[in-house]
């Protein structure tokens, strides 16, 4: 029990300033918390090991140059071919069509919410956009396959059942909230004085938005694009459902094209024997995908930090 | 305890003063009674990273007195008062040098636990900071944390009475503390401190965020509490120091050659002397309002 | 645009010749902006309409309580619904302690100056951006094959935990940061140890924010398909899932049904989507309600 000292004046007993034995529990707490934090480290290490080890084995059998430059991806055929380019171009094609949607419209939505909408309207729009962002990707995949592809056909765009265009555009719409949200944050960080000065000079809202705010928020907007591109690259289910599982290099979006992520999923679903070359393709392609997204994410984080620093 | 020698008259200007001339100012002969020493500060310095906030402070705090720290902003008085309960430990970049002897033990000794120090030396802050809990739970927090679970109700009542708040809240102890007025919240914070039965009460500008009536209530409280506790307050309000403090220490800012602003103790004496007959020109300038 | 100078009379402002063009540009631009939003909501609306119109007919009590079947008329979503619920419960049990623990460590204990703490933060940020399929690969390599757990519910739960952990950590950190520092100072000044300050003052005050963030992370997790495709069994699951047995979950079941050729299975998929969306609506609604109910005024 603690005897914390004296109340009345008078010759006091020497107060005890040294620590009591129960400081053990404090150390225990700190260790437990550190262990929790360590789990995230373990996760990263795990991901790296899980990707690297099998991939290294893979590249012992398959020539690395052939892998990254080969234009035929047919791991199960005889003769088999392990050129990853078709998967990469498939991924990039999908991302391209997605970007065609989220680059203009994501920014447009952000500008509207930031510069044009009243706070009340913004208060309604932002959560509504969040709803779109919260819809699971499998639902978007369903929508792309079952509704959008037939729709495209109906309006005369001759797409195959599985096609890049439908999946790409839907992914683009799915990412509009992501771009809008980060870009709007970047624009909100632009000081009001900048706008006020421009308005005072008689500039229109259009001019202020495009000549003042967007340039000032530029790095944040680019960060949002990079973030969205990273998500599009890693997007698995919509690609798997709607863009097809035929790995081929085509520039025609009405045809199907397998992406890296879709390949991994399609292969992983099946019962591939552990240790087979097919099993290892999962990791080789996974590593490729991971490198792509890692680079994007690092860029994006750096840019976000940069725009935050400018105004803080 | 022998009478200390006469305080030194330093003269000189504010800027570029020689710090060596500010060695341990002591109360003058004009004081009669002997007073027991509670804190003996020896050559205390505080730095935050590269910035030296406080330098070369030596003084004694006497038991059952109200001691006030006054001075212009940035002179380190808040930093100094936080040295008495090791609150500066919570700032990652803070480094404290020197010694603070409390009952003869150095608060910054190697095996001293800041947690134990804070149980004996309580603190009230400038902006009242009640916990977002009931009034009862606020006052009971200290005893509970210390393991004093018995007679909790009595402890809470005693503390609230000592803080002159009991009558106003006794019927609503379960209410959220944030529903109290500013002045009441501050008295609640004082009650919270008193509940752990400390030795010393440190108050960092306790009334600066309050209206004049609440301020007067707090000052009255200080008068009452003085008989049981030793009180140290920081205040930017000189009149307040004049009203409540027995001893007053005047701090000022010393601007070094590199432009760095460091707090130094200029003069420390009975409040009467500081305000009517200050020894140092800087003190005189501050208390007469020439600068502040 | 010129004002009369030096003479009496009101200054006149001529309309610039380009004035109407500015107006026009402004309108077009505004239209484009509005269209940006319209496109999002039109797609959202079309999606919901499509799903509901296709699925509502299939949303019967039988559907909810029956196991799947190769015959579309008899297919139900019971194992999938149970699987999703079990995953949810496991997720709460796993992510909240670990995520909050990490957040508490980073906010209350870690010395920001130390390099390893900064690396920890960077690590968490990077993990947040890793595609979910890579988490599936992680699970496949270590849990399913490595530890030979097989494609079991526990493996799915563990992998989803790792997936949403960064989200929970970030949300918890914000909740902790929102607690004013004056509360901590006051508690410390009374002689409380750091853990006492955190456990008795900071955490209780941060609970609403932590709960909201956790529920939102949970909602995200149960919509995830990709990791479960690698870690879960796509075999025919007609029994209720158990911890160490084969399992399925709503997203997987939906995917399976979409992949089947028969049109009727598409309708079943739509019905399952409705169930999933309903579940998400409840979770998100609860989180929003929590946030409003416990808006703190310090």
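Here the chain labels run A, B and C in written order, and each chain numbers its own residues starting at 1.
Following the convention adopted for this analysis, a residue touches a chain if its C-beta (ideal position, glycine included) is under 8 Å from a C-beta of that chain, and two chains touch if they have at least 3 such contacts.
No experiment lies behind these values; they were computed from the predicted model shown.
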| item | value |
| --- | --- |
| Partner chains that subunit B and subunit C have in common | A |
| Pair joined by more contacting C-beta pairs (A-B or A-C) | A-C |
| Chain whose Cα centroid lies at the greatest distance from that of subunit C | B |
| Most centrally placed chain, judged by C-alpha centres | C |
| Centre-of-Cα separation between subunit C and subunit B, whole angstrom | 49 |
| Whole-Å gap between the CA centroids of subunit A and subunit B | 53 |
| For subunit A paired with subunit C, centre-to-centre distance based on mean C-alpha positions, whole Å | 13 |
| Contacts with 2+ other chains: residues of subunit B | 115-117, 119-120, 146, 196 |
| Residues within subunit C bordering two or more other chains | 191, 193 |
| Set of subunit A residues in contact with two or more other chains | 4, 23 |
| Footprint of subunit B on subunit A - complex, ascending | 1-2, 4-9, 12, 14-20, 23 |
| Complex interface listing, subunit A residues touching subunit C | 4, 23, 25-26, 29-30, 32-37, 39-41, 43-44, 46-47, 49-51, 54, 101, 104-109, 111-112, 116, 125, 127-129, 131-132, 134-143, 145-147, 170, 173, 176-177, 180, 204-206, 209-210, 227, 230-231, 233-237, 241, 261, 264-265, 268-269, 274, 282-283, 286, 289-290, 293-294, 296-298, 300-301 |
| Of subunit C, residues touching subunit A in the complex | 22, 25-26, 29-30, 32-37, 39-41, 43-44, 46-47, 50-51, 54, 97-102, 104-106, 109-110, 120, 122-127, 129-138, 140-142, 145, 162, 165-166, 169, 191, 193-195, 219-220, 223-226, 229-230, 234, 251, 254-255, 258-259, 266, 269-270, 273, 276-277, 280, 284, 288 |
| Footprint of subunit C on subunit B - complex, ascending | 85, 87, 90, 92, 115-120, 122-123, 125, 127, 129-132, 141-142, 144-146, 178, 189, 192-193, 196 |
| Residue ranges of subunit C touching subunit B (in the complex, touch as defined) | 111-113, 180, 182-193, 196, 200-201, 205, 296-298 |
